[in-house]
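Handing you this structure, nothing more for now.
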Amino acid sequence: MSENLLLNVTKLSTNFYLYEGVMRVLDEISFQIRPREVFGLVGESGSGKTVASLSILRLILPPGRIISGEIFFEGTDLLKLPQKEFSKIRGKKISMIFQQSRTALNPFMKIGEQIARIYRTHEGLSKSEAMEKAIESLKRFRIPEAEKRVESYPHEFSLGMAQRVMIAMMMACNPKLLIADEPTTGLDVTTQAQILDLMKEARDKIGTSILLITHDLGVAAQTCDRLAVMHAGHIVEIADVEVLYGRPLHPYAKALLNSIPRVDKKVRISDIPGFVPSLLNPPKGCRFINRCPKVILGVCEKAKPEMIEIDRGHFVMCHLYEGK
Amino acid sequence: MDRENKTLTVPKTKEHPLRKTWRSIDYSWYVLRKNNLTLAGFFMIVFLLFLVILSPVIVIYDPYETDSDNVLSPPSWRHLFGTDQWGRDIFSRTIVATQLDLFIALTTVLASASVGAIIGAVSGYFGGKVDLLMQRVTDILLAFPSLILAMGIMAALGASFWNLMLTQFVIRIAIFIRVARGEMISQKENEYVEAAVCSGNSTSRIIIRHLLPNCITPVAVMTTLNFGYAILVTATLSFIGLGLNPPTAEWGLMISDGASYLVLGAWWLSIPGAFIVLAVLGFNLLGDGIRDLAG
Amino acid sequence: MSTILEVKGLKKYFIQKKTGFSWLKGGKPYQALYLRAVDNVNFDIKKGEALGLVGESGCGKTTTAKCIIRLIDPTDGQIIFKGEDIASLPKKELKRIRKHMQYVFQDPVGSLNPRMNVKNLLAEPLRNFGILKDKNEVEERVINLLETVGLSEEHMNKLPRELSGGMKQRVGIARAIAANPEFLILDEPTASLDVSVGAKILNELVDLQKRLNMTYLMIAHDLSVIRYVCNRVAVMYLGQIVETGDVEEIFSDPLHPYTEALLSAVPIPDPWVKIKRIDLKGETPSPINLPRGCRLQNRCPYVFSACTSDEPELVEVKNGHSVACHLKSKS
Amino acid sequence: MGLFRYIVKRFLLFIPILFGITLVTFTITYFLPGDPAAVRLGGSPSVEALEEMRIKMGLYKPVWERYFIYMSDLLSGDLGKSYLTDRPVLYEIGDRVLATLELSFVSLFIIVVIGIPLGVISAFKKNSIIDHVARFVGVSGISIPSFWLGLVLIFLLFYVARIFPPPLGRLPPGIDEPARITGFYIVDSLLSGDLETLKLSLYYISLPAITTALVNLAPITRMTRSAVLDVLEKDYIKAARAAGLPERQIYKDALKNALIPILTTIGLSIGFMISGSIVIEKVFSWPGIGLFALQSIASNDHNPIQAYILIVGLTFALINLLTDIAYGFVDPRIKYG
């Protein structure tokens, strides 16, 4: 199975060192991404999704630090790679799009130039060749009048268009893996649908795997092949999307899926009581313990549950299922 | 919905109000400690204030009493910092000057800060023609480097204590008006103002109870950063003869006196100079810390 | 059921002055451009009803709502609230109206004064509207209010920044219902919250409406939220209502092409349900330069000659279901 | 078109400021102590002579008329006469302004060469030792009174160590100034090939320039640091890293985008140096416009005081205008907005 993996994250932990104490934002999370798949990382705010994505690209800035774990990408451990080598992978083999693309583009630089210099950096093209490729890549992501638009500055684009530019820029070198951190949050639904279509299209045509980080379970259901649910720095469940929505096992995943209203039919929703625990002083055992309706006293508060495979490819981290 | 769950999940921690105050003091202290420079600044100011408080005890010589037998003497046990060209005790003069310079800086900056903040806030809230006029006035005042403006006004009014106070007030009121106005304009856009309208508040109550408390922070930061600058302006004006008049015990004047005897040594100007640096540096370091705390 | 609010021909134009150099050639010193944020909006809400106002960002939903509570003065039109036209009421009399009409803001962070504690925030409407004066009574009522929205006494002395997002929004709701209003405007009350927290707020809103017999005007861009809370819905596009009717009716049988597209774009949290997307091409035009005729003409897949010449009017096609589309209102 | 409009708008906003500056200088002169007529006549003139002179000078005319006369004189380039030297103020200032400018430019050169790199390093190596040192030096710099620093340096480096020259102006007494070409001694002596004078003028300018630079270094370093830091924390820098651009390129981006605030500070520094020169010139007997202004204040000579304040105000305002316009050229959001 391991030869069939594009990205293998094992026991990755990232801490933030603050005045109040050490914040254990990621606590030994493990997941795998296969080639040509859309892998979703869902969870509520504060669950550590964004930190997970930034950790993969080693973009964690102080006071944060990756403290342990391995991230194997095509057989090399990204965390052990020297900075210089790693720069060659970023943007060429793994790249990332951000939530606010208008702030993620340099406001003083024409977008054509911004895309072209990625070609110049990674493929060593000349100025004019790179510009031609930049136009081509804008066309690929359906930006109208690409020849003219390369001369524009980021503030001249609408939010949706800026997100397309960002995708065009980050997909410039046809990376093997695209990390998309809430790429459609803040966009209108119709624009969101278009952006998600573009990303799926990129996967189909180029074969790029996508790590989609989202809080929107609707987006995850419609876009992802496999899904990991995060809660308070832990991945609590991983499964194929149909399995996860059809038969969620972890009490958090169940509760989360029960809390979303639907547009196609009237459903009764219920909330999850309590709050995401503080990551400064998380519960010693299971981090869902304060909110869980099925706590096993004497077990859940004592030890962190192990990740166990219930079915083929269906992992869950909960004491309820241990020994089954 | 099961309401039982709620009592379980919301931790019942009723915090004593004093404890809460302590927590915020503790946090400020943490910020001070974390940044050694801010802490240093804090102690510099505390030291100077300490000297000012102790002045009735430690100023043993009359700072204006001349002693022709004992001029320009270097530091000794009798005269800790030596004596000046008229035989006056420099230590006593420096302490009295500390009182004077700190007094001028604190009162004038606080005065222009409070007046400026209110003018700026009101003009920013209402906008319109008065605001436009206010803006032009501040533009003009800010068109001059403040030292030059101060010099001009002092030249016109003549060197004296009250003229210096007035000048100090005038040269920095514009900056406070501008800061408060800008803050008011951005605070005004916040939804809590609309919410306050919906809650039935009158305009005056919205300004006083809702907006002004939220405009204080940048004004406060600006105020601390200006204390040091005000001390520099007083000393500089006095040095060039446009601030206070001799024989007042004032740092800038003392340096100016000492400068004439540079050939004989640097004692007579280094002591007051060191005090200026201590005071200004103290306020600047502290101001930087407060800015970090607020930002 | 009696009508509590009737909006007739509501318009809000924002004027943008564009200064140029045409005055050098003897023209005007500036050119006034009208941004037609809300352009001839009509609807009514009956007592006890929850009307949802949906549309994408910039379509004028929030401007409409803020005109109704007069945080923005409308350019034209009538707002009849409990039989009285409040569109042109002088500012002084608005306090009387706002006792009965309240607003819950979208952003729980920005809408609570960061320097006021929960108690003072909630006491403000009680005192200002002259409901309670006595200190102890106010405190009692504040505790009561906090419990109504699922908070408790211990939150009373907290500052907004010490509360989580969900709690802040609940304080916002508590403040809005403090004076026992009959009519509540909810501006995207859950948009900035996590789903599990949002679920709690939505359930509480549904609950409150039943218990206190309140009337809601709820603004949302998320159609599933509307479906959960509202019984009627109005769809807005570029400052106009393009379709209105019962929630079940519109969500199962949308008539306007824009409603259709909007509904088909909502991702459904169910991997088995795949909706066929109806894609609108291009982008929403600027509300400054609006085309003649239908405002959707450049994006609509069914566009025909009438669309470019005449502006379609909102016409009732079925029982209570109205649509503003040349294609549908004719057939 | 966008840029043109922006610039025209800036210029239009500049006009009321110019007007305001003249208003302020006029008001200040109006309140200046002393009787200008008495100063002009000198000695102890008779009451009749004084009265006659007052009428001749228009001192009895209403305020607005005097302001009008002042403005029309100003517009025709007439700054009045210095009654002390009996020469037009314009000439007096023209003789001295280059001394002030030469000192300012040399100091500016030192500041830019040291301050900006220091700020940049300080930002890139945030919280390193260099950063702490730079920040401490920065905050100390703005806390030391320039005149005191000058005196201490004179004492240490001239009286004690005998490394630097005495504070006696631009050249030692008895040395002729170089043939006047530009008015800057360094440039003139270089152009006329007079290496001895060049050496002396560099020697004499060194200490005042170092003093001015030390005091003005702080704002530039601080501003550069915070501007670069500000940019480094932006999302697009993170995105550029995610796109695999080399660190060198990222730093280049950060510098480029931080350029405007740095430019503004440089502009402000020029203003501060010119205004601060009044003190430095006194300490070092530097024959610039600041020293001239002080002499005029001491002898109640109104016109030069007025001219001095006017010129400094104008320079300051003009620099602000220029930085504003520079923004327009660099920031595309202004150009099209």
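Couple of notes before you dig in:
Chains: A, B, C and D, in written order; residue numbering restarts at 1 for each.
Everything that follows uses one rule, which is that a contact is a pair of C-beta atoms (placed from the backbone, for glycine too) under 8 Å apart; a residue touches a chain by one contact, two chains touch by 3 or more.
Note that the structure is a prediction, hence the values are computed from the model and not measured.
The minimum number of touch steps linking chain B to chain C comes to 1. Farthest chain from chain C (centres taken as the mean of C-alpha atoms): D. If you compare A-C with A-D, the chain pair joined by more contacting C-beta pairs is A-C. Centroids built from CA atoms put chain B at 50 Å from chain A. Once the centre of each chain is set as its mean CA position, chain A and chain C turn out to be 33 Å apart.
In whole angstrom, the spacing between the mean C-alpha positions of chain A and chain D is 54. Taking each chain's centre as the average of its CA atoms, chain C and chain D sit 56 Å apart. Each of residues 1, 6, 10 in chain B touches at least two other chains. The set of chain C residues that touch two or more partner chains comprises 200, 203. Multi-chain contact residues of chain D (touching two or more other chains) are absent.
In the complex of the two chains, the chain B residues touching chain C come out as 1, 3, 6, 10, 12-14, 17, 190-192, 194-201, 209-210, 213-214. The touching residues of chain C, when paired with chain B in their complex, are 66, 69, 71, 95, 98-99, 102-103, 105-107, 110-116, 124-125, 128-129, 150, 152, 154, 157, 172, 175-176, 179, 200, 203-204, 207.
Residue ranges of chain D in contact with chain B, taken from their complex: 16-17, 20-21, 23-25, 27-33, 135-136, 139-140, 142-148, 151-152, 154-156, 159, 271-272, 274-276, 278-279, 282-283, 293-294, 297-298, 305, 309, 312-313, 316-317, 320.
On the chain D side of its complex with chain A, the touching residues are 234-236, 238-247, 249, 253, 256-257, 330-333, 336-337.
Listed in rising order, the residues of chain C touching chain A in the complex are 56-57, 164-165, 194-200, 202-203, 221-225, 227-228, 248, 251, 261-275, 277, 279-280, 283.
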